[in-house]
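The structure under discussion is supplied below as structure tokens; questions concerning it will follow.
Here the chain labels run A, B, C and D in written order, and each chain numbers its own residues starting at 1.
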């Protein structure tokens, strides 16, 4: 297939590379040029955003709402896209942006899917992502072969694109809640004279065997927050996406309010460059352990 | 081995039965007589608490602090126990009670271990519990063969018995937090027009593969809270054990405050007889979905 | 003095009327025409926004950030204003908007003050408002005679306009917190078989003698939420201004998170048209009293 | 009148003194002897608890539930009291203790009133307390002349003694909530470059004119927490009384959960000896201001 790919950050570059390796023709664009050069060396074609859309099938992986709005909802870009072109936005963005994007594509006879993914750069590199797809089932079917290259499984969750973003946002919400829960528990464990790491070992061996508890719990138990997989301010952004999504639907989120404060506390204490698991240090500060 | 076993509720009866089946001689006591009769039919010896202690090794599985204090910290019982007798308390009790019990046993030359377990009655019946042991390592080694009958693995966590209770209490705390996190997330998912059950399927297939999310998430996603594994007021009791344990060590627990209110809301709405996963209905009520 | 006045809602109309009555020449503008007609009957001059600015001194009282940005930060308006013109924004807006407004006025050689007020329409009509003024002291002195007409006292709080907005926002935050605190307390009082109104009487006679507790407490105690002084969604807007102001300065606000959820709960239960004191019903719902 | 008075701490000593000065005969008891000596110098009669009860009318002002239970619910004391003797407990105790006390007095043909007071030692000395009375109206009428000596006003709130305790506990709850609300607001004010004290001045001049905001707000605004009127651990005790009272009636208290954590944070940071207004420092710590 001939496809465009917009946004070559850590995730996007790995995903585009897998599409190339699977034999697809990939026209790539990125804000900075170095990632483009690297992909071009691997066989990709450097292109403008308009050229990427001109293929009729464009995947995008930009960093946030603002970048998507500026680059991909630019009327000049959308007006120039060929009739029926399909844009698959794989980034974690707000449901409000997804609704706006769906509308602005539809108004011009373009098609829009939301297909955010679970998994980090290692999973992206291994083609091991989980794809959550929202939008027209026929359009999802059309790009299913691409999703099969990028991930181990695709979950269609609803006919409105924003619904896929909701699933992604609240998946991340569950991770953030798990981090805070482990932070609170290990603070008491530490105050009780026990090794938090041993506590995490017991729990992840029995009740909480999934990767979230093992991965983040391992970091929290040992207080070793490097390498940084997901920067704390990005985690805060996702907590805010959850709060906003809840607010738009009149759903109170008391755990979300606690998370918000924990992240602000971490930012107030200079933890901007740490992994979001390091928000656990807030629980230690509250207890006078830090 | 010849051992006493005190407390034949759902958990205790299954555990005592496994000890019998493994060839041990088990003297059993229970507040009501029917469970004693059933165990006796299987080969146990009906006994008084004093006779159970007289074996020199007694395991207990009573329901809460009050029952333990009344039955097993009764001075008459402890004063009559043979020198060096070992009492292994496998119930979920407060760390304050564990500290008191350890002291009152030691004062009389008796030995005390805390060995609370993870796992419900099905795991107890299958000999598949996880045992968390706190206290003197030599004493733990002495009863290790019994633990091997009861569970799949034993985790020694500290030389003070109360430390094992702390691990158990905060294991349950993580479960309660997971329930509330899923409740909040699925309330937004439902308000967004999606099937909460599908959301849970995506999450438990990827990030949250352990039994807690699959089990409780399954109940919450389908809003099917039966059969009742763990009654809501018992879950509330465990949340309070966590809050109290944190308070004794000056550790704030903001998620715990939210849990407390969610359980009170559930109790105020007549959910006393439901499984503690049904506390998730509180999130739906808050959002006007119930 | 010859002044412009933009925005003739309940507050603005009463304020403009007082300026007229004090002998000032007032050029008024409003989105809808009826309030303009009424003021003109009292001696005001109907005008365009540009004419209001052309007086060199314009006071504004629009409803929210969006209205201020659209009407008063319109480049066409600001570019046409005479050099040194002074704009006094008396509305409750975000500190971010105040910062932007100050910058955009300064860039054009215009002057900007923030002068939000405490007091409702009755206080506005009586010239009994409290004015909180932020910005250049010389500019504040210049309009002090106007403030003296509008209010009983003016508090200069800082040389940056946004600082006055911060004081106003957190004054409202204290009111919202007082409402929630009384809501929680009266829910227990009611559950304990006592008359919440009697409880409020005791408290407002002794410890809490100010108008906030007497006024809102009276409504909550009697559960009589009419007449509507301040609609619940406007109260929610102010809670969000507080949360955002805190967030921009990395200040956690745990009470604010609780307020957010209480307002969402109220909105989810159809309380949009009620006074914001009616958010107290959320506490009753949580306790199964509603 | 001839009355007994039990408990001569700061509050009790001032109250007993006022009764003496008003011409009553007062038999006093206290755990330590120095306060007894001082009152005796002023004309009181040193007595045993039994002698105090023997007067037929005994007022008590002990520090907490435990002291009341030990000293005044001692069966030996109650069994020896004359038929129909009236015990007026003016301390801040739990509603559960009040219910127990009422029952244990009634069982012996004794009468029990709860009459907790608002006001500190200065108000006690000035005879300026507010008395909240719960219990049989006839009994309240009987001691009304004593209440008139002690306070400026008596509020009968219900026929069950515990109801007066509930009013007192939730009056203190409103104070604690006000402290936290001011703490959060002033943290943002400080982070915004303004003087918290000026903010408090504006607010207490307008919306919050009562003694609580002026008094505690003054301390918080200036961060001057001395002299210590009410020690932080006592404030925490009262927050816990509120949480427990709510819990017994299935009433969630989300602000109470926040307060609980703020007090624990303060205790974890060594603030045991400070006034409870100093819990405001927790808000500054969270924001990285401390």
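Keep in mind that, in the parts below, a contact is a pair of C-beta atoms (placed from the backbone, for glycine too) under 8 Å apart; a residue touches a chain by one contact, two chains touch by 3 or more.
Protein names from UniProt, one per chain: A, B, C, D = Beta-hydroxyacid dehydrogenase, 3-hydroxyisobutyrate dehydrogenase.
Just so it is clear, the model here is predicted, and its values are computed rather than measured.
Engineer: If you check the contacts of chain A and chain B, which chains show up for both?
Structural biologist: Intersection of chain A and chain B contact lists gives C, D.
Engineer: Just grab the chain with the largest centre-to-centre distance to chain A, centres being mean Cα coordinates.
Structural biologist: D
Engineer: When the C-alpha atoms of chain B and chain C are each averaged to a single point, how far apart are the two points in Å?
Structural biologist: A distance of 53 Å separates the two centres.
Engineer: Provide the C-alpha centroid distance between chain C and chain D, rounded to the nearest whole angstrom.
Structural biologist: Inter-chain centre distance comes to 37 Å.
Engineer: Centroid from C-alpha atoms only, then distance chain A to chain C, rounded to Å. What do you get?
Structural biologist: 39
Engineer: Where does chain D touch two or more other chains at once, residue-wise?
Structural biologist: Touching at least two other chains: 246, 250-254, 256, 258, 261-262, 264-265, 268, 286-288.
Engineer: Within their complex, state which residues of chain B touch chain D.
Structural biologist: 246-247, 250-254, 256-258, 260-262, 264-265, 267-268
Engineer: For a test of understanding, state which residues of chain B touch chain A in their complex under the given definition.
Structural biologist: Interface residues on chain B, with respect to chain A: 95, 118-119, 130, 132, 153, 155, 157-158, 160, 162-163, 166-167, 170-171, 173-175, 177-178, 180-182, 184-185, 187-189, 191-194, 198-199, 201-203, 205-213, 242, 245-246, 249-256, 258, 261-262, 283, 286-288.
Engineer: Going by the contact rule set out above, which residues of chain D touch chain A in the complex?
Structural biologist: Counting only chain D, the residues touching chain A are 254, 261, 264-265, 268-270, 285-289.
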